[in-house]
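Shared between the two complexes below is subunit A, which pairs with subunit B and subunit C, respectively.
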Partner chain A sequence: MIRRLAIGTAAIAAIAGPGFAQDAMDVTLGVLNDRSGTYADLSGEGSVIAARMAVEDFGAEEKGLNVEILSADHQNKPDVGSNIARQWYDQEGVDAILDVPTSSVALAVADITAQNNGVFLNSGAGSTELTRGQCQPTTVHWTYDTAALAKGTGQAVTQAGGDQWFFLTADYAFGHSLEENTARVVEEAGGEVVSTVRHPFPATDFSSFLLQAQGSGANVIGLANAGGDTVNAIKQASEFGITQSGISLAALLMFISDVHALGTETAQGLQLTEAFYWDQNDETREWSARFEEQHGAKPTMVHAGVYSATMHYLRAVEATGSTEGEEVVAQMKQTEFDDPLFGEGHVRADGRVIHDMYLFEVKSPDASEGEWDLYEQRAVIPGEEAFLPMIDECDFSQQAG
Partner chain B sequence: MFELLGIPPQVMMGQLLLGLINGSFYAVLSLGLAVIFGLLNIINFSHGAQYMLGAFVAWMLLTYLGLGYWWALVLAPVIVGATGLALERVALSRLYHLDHLYGLLLTFGVALIIQGLFRNYYGISGQPYQIPGALAGGQNLGFMFLPNYRAWVVVASVVVCFGTWFMIEKTRLGAYLRAATENPVLVGAFGINVPRLIALTYMFGVGLAGFAGVLAAPIYSVNPNMGADLIIVVFAVVVIGGMGSIMGAILTGYGIGLVEGLTRVFYPEGSAVVIFVIMAIVLMIKPEGLFGRTA
Partner chain C sequence: MATTETISNAAPAARSAGMPTLHKAIFAVLLLVLVALPFLVYPVFAMKVMCFALFAAAFNLLLGFGGLLSFGHAAYFGGASYVAAHAAKVWGFTPELAVLTGTAAAAVLGLAIGFLAIRRQGIYFAMVTLAFAQMVFFFALQAEFTGGEDGIQSVPRGDLFGLISLQNNLVLYFFVLAITFGGILLIYRIIHSPFGQVLKAIRENEPRAVSLGYHVNRYKLMVFVLSATLAGLAGATKSQVFQLASLTDVHWSMSGEVVLMTLLGGMGTIFGPLVGATVIVTMQNYLATLGAWVTIIQGIIFVISVLLFREGIVGVISRWLRRPL
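This part shows the complex of A and B:
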């Protein structure tokens, strides 16, 4: 299921204006994400809207870029995602693939993108492998990764006394990566991992696993999963009296869409790490209001990441006058950005984007003043501390020479 | 105090109980499927979507009309059943003379349409639905904390399952039904309105799915995909129990819940697959299912 969407009147302008036609450069972006499954609300159509906003705000048309946006549903399946990515590069002339939540799919797309010299602007996936073991010179990993989440939430919870961890882990690349990263942070902070359970993805019933956690002697249950799985696990933990019995929950990856679905009554007091929250400053509020007008909900950090990544990408395309993957990504790495949504930051030589992360706490129903007034900021984790240091094999500035 | 494979008995008891709770959902859902298949010969692939409808109707009754859980428990199955009745009258009834495959394709298509529509309107994150006040809280059983609501789910499902079995196997109405499936022409000749009997049976089977949906609403997130995840498992349960066998579907439902619960303790990674492994084994050894009559 592939949809086409011409941006503004750029296409028409390109044909109609004779002088324009020669200068206009075609850029095709493909938003590949989950449009129907458990991650559809945190990525899905919202990411397409975010990309479209970036193209409009960048003023692509005036700058002679004729941008077209495609979108497709990868159904969280690596084989489906790979097929679409190949088709996009081979037949649809796609220059960059955006978003791609679900790490297993993202890793497959990163590989295909490198083979085709495209650009992979990842916002939705969490695996650190994207810029480590399976790094590519054409990958830019924008929004977050499991190491940054682990650093924020893992460290804060352990230091607050939650030192005996039980991991409830989604059994695929992302969950494993998140568990591994968090375990390291917990141990560094003086805590201990008591036990681990890996649940099938997606799952609906977590009561069995929660009961095992209760019997393990742990005082923290680390939820190394995402989306509907996290929501169900938190709901059931409260139903089975887990939280009342003195065991706290650490949701290692939670998006504002999940907190919104749970409601402040159930989610209050949860600590979580995010790269973006709509109510941080005037710029984030202004952008989020425009986004909400089109989407009907506030943006998640994944949506924000798609916007900012597209913006930075288009700047590089304009500067180089090229859509060749390695060239554009090299340009993206050379220029630092001061982004309305992510603040100051840069793309490191391995493709990891370095920006600040934030530790938030979910407000209580009394403190929350509106449907989306959900977070209280607890700490800022500076970009240099939040993300893992670069490994030499992925330092593409060296290899390029 | 003995330990089984390193699992203390208290933990084991808790896990068995949880398995029974999940089994309750499997039992009610597979019962509906078995009734529909056994008496109508329709493989009802929209059963998962109808289960989801049950949960959503409960949520809508609360959100738009202010009617709480107990009302929903009565009204939602009737409303969902009525949509089933309409589907049977408009579409399914035209397919009885054709191969099973046509009914399967039709109901599968209907399921995709219903799920797509709900996804479009309500998104995927799910709607909150609270546990009714009378069933909030729970009991400390010593080996585990049992939420009252989960206990209620087991009781409600046992009552509904065995009530249905009794009605079909032991009453006059059930006898008519079984006779009508066996030889519709002859039963019609005795002055019984066979098409109406069949339509009401489908409505009843669909109503069971709606009932399970209401039971699920307070504990699982009410979202458009909730049935799609479950339906495949429930089909496996029906196949293991024996297509069309009422008692087989009920007992297998609870049994599979228990097996799945135990797998979650010993090898959590395998808990999604274990049902299908059992299904494969049963099909190899006893293709008609554990409780199926040989054709």
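This part shows the complex of A and C:
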């Protein structure tokens, strides 16, 4: 059956396409993410489902691509992740690695991918280093990065009147850079940083920091932290009645899975930036419903990014008839995409994917009509503004030419 | 009584006959297996197992033979891996020099922490080592050169002695094999030296060792530093294999993992830590596709081993054979 299909597609390809596929071409994708720890909900099995849906929707089989999907848990440890990545490239014939949350693992995988001339389609990690300091010609960074989140939240919240900022920052490099990026954006937009407080990482008790914030005269508390710290801070802010007292909370790194876990009662009024929300238009709703059927939860923007990245990758593989990393990525950068999930976008020469970002506000329990009816869209941040400009060292279009 | 007998019996035996035939045979088989291994399994995975085996063996030197339970061995393992990675990447050291620098850093760190920690015993000793290890963790998290939570990435695989390129996994494998096998033989030698015999005496009955005129604290410090140094050797080697150093290596859970490896394999045995490390690392690697099940299975195995064979895998085999392994 498969063979017959392959012969059929080969005939079509010979007439229509630039591909010279004589037989079904094998493409192996590896979804490498956290399947047991903090990021399991926002990436995990959902990313595997998203990749599989992309392969089906692309119609890979009919187009003569024999796609296989592997998955593994990197446990958020760079050594485990890099071991798996090496093994996939060396022994399993993997052509592209997908997702990879946790920036330390992502940077390791980016390096290994370049060495092996594979393709790294990142959706889960937020480090801007992937397309700046440690950029590679084989890296494509989908969905979001910390600078885009800072830009979206910082600018839109300030313009909407939240111009007196108080930063609650996790005291390590990630928190510092998140705070720094956001503060710059806030000041550019005409806002002011009233005060900053650093909390130890990880922290459980935020009460004194929150009281300090309340007394500082700020009208926005920027949470420059992540994961459990953000969730704890939001919970305690809710207990202190911070949002009710007219101060809004702005999370600088948060996902719908976190908001869903917190519930609208606790998280209401929280402002955050995401690249995707399931309830944006008919296409996102249709796709998300199919996703939910298989996964049991609505997709996060990371899942959507994996889907969109896989689609664009497969298109490039079909067009070039190759799975050589640099060649495929160059092709991905040449063609723009119009995606049911991300809308129009393109891959910039440094591997950064440019698409619109959105500022959302979490609904109040009264306004929310269902378990997943969580966000109200507040602003659209155009792709060209959302992401950091390209640096020259990472402009691979010139080096390739 | 029993302890003094074993000590007085074992010491002359070790001195007169050198290594017992059984141990010689096991080491020979081990070496043969290790030489063939990269052709059977993925070399990078095999190198990881060897690094952890050396780490566990170094830890066992302190716990199994010195009777000191440290909960902070990740500090030396991870500290050395950071220093070695930095040396290779920023200072441009050749791999063997980078590994040596990392190891030396671990020795200095071990000396400083050990000097303070050995003044306390039992749970207090464990807590002091844990506290210092947490300080090292926060240092790694905050310091500039460690790259925070990103770690030190893309460490070059340089040329060994400036001559032999380590780009090839197989070449690197034999470099790592030489280091770890050498390290483990060194540990074996330490255990069976007069120094090792005194250590065992201190472990079994410290007041008696004092009354025999031994400077107990000096011995404890020495074994602490040796253990930290060898753990550092393992960590430094690992950073060259994976071309990165990260917070995972200095995190307290790494200290816990090495305790698990040692207990599972057999505390106070020579080959136990190697078996324990192999089992744990293999599980983490091959069960990676099962996701959350890895930690659950690891927990179940630990519970079973505590309930059913408290001496660990090699400990049980050793009891069957009635020979120390």
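Rule of thumb we're sticking to: the second predicted complex is superposed on the first by the 308 of 401 C-alpha atoms of A that agree within 3 Å, B and C clash if a C-alpha of one lies under 4 Å from a C-alpha of the other, contacts with A are read in each partner's own complex, and residues count from 1 in each chain.
Here, contacts are C-beta pairs under 8 Å (C-beta built on N, C-alpha and C of every residue); 3 or more make two chains touch, one makes a residue touch a chain.
The structure presented is a predicted model; accordingly, all values stated were derived computationally and were not measured.
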Which of subunit B and subunit C A:36 touches, first, second, both or neither: both
Which of subunit B and subunit C A:378 touches, first, second, both or neither: neither
First, second, both or neither for A:63, with subunit B first and subunit C second: neither
Which superposed partner A:290 touches (first subunit B, second subunit C, both, neither): neither
First (subunit B), second (subunit C), both or neither touched by A:205: first
Touching partner for A:315 - first (subunit B), second (subunit C), both, neither: neither
Touching partner for A:184 - first (subunit B), second (subunit C), both, neither: neither
A:72 touches, of subunit B and subunit C: first, second, both or neither? second
Those residues of subunit A which subunit B touches in one complex and subunit C touches in the other: 36, 40, 44, 171
Residues on subunit A engaged by subunit C in the complex (per definition of touch): 35-36, 40, 44-45, 70-80, 82-84, 86-87, 90-91, 103-104, 107-108, 111, 127, 129, 134, 171-174, 201
Residues of subunit A that touch subunit B when the two form their complex: 36-38, 40-41, 44, 171, 197-200, 202-205, 207-209, 211-212, 215, 227-228, 231-232, 235-236, 239-241, 245, 257-258, 260-263, 266, 297
Residues of subunit C touching subunit A in the complex: 42, 44-45, 48, 141-142, 147-151, 153-154, 169, 238, 242-244, 246-249, 284-285, 288-295
Interface residues, subunit B side, partner subunit A - complex: 8, 10-11, 14-15, 18-19, 21-22, 116, 119, 123-128, 131, 138, 144-145, 147, 149-150, 219-221, 223, 225-226, 229-230, 261, 264-265, 268-269, 271-273
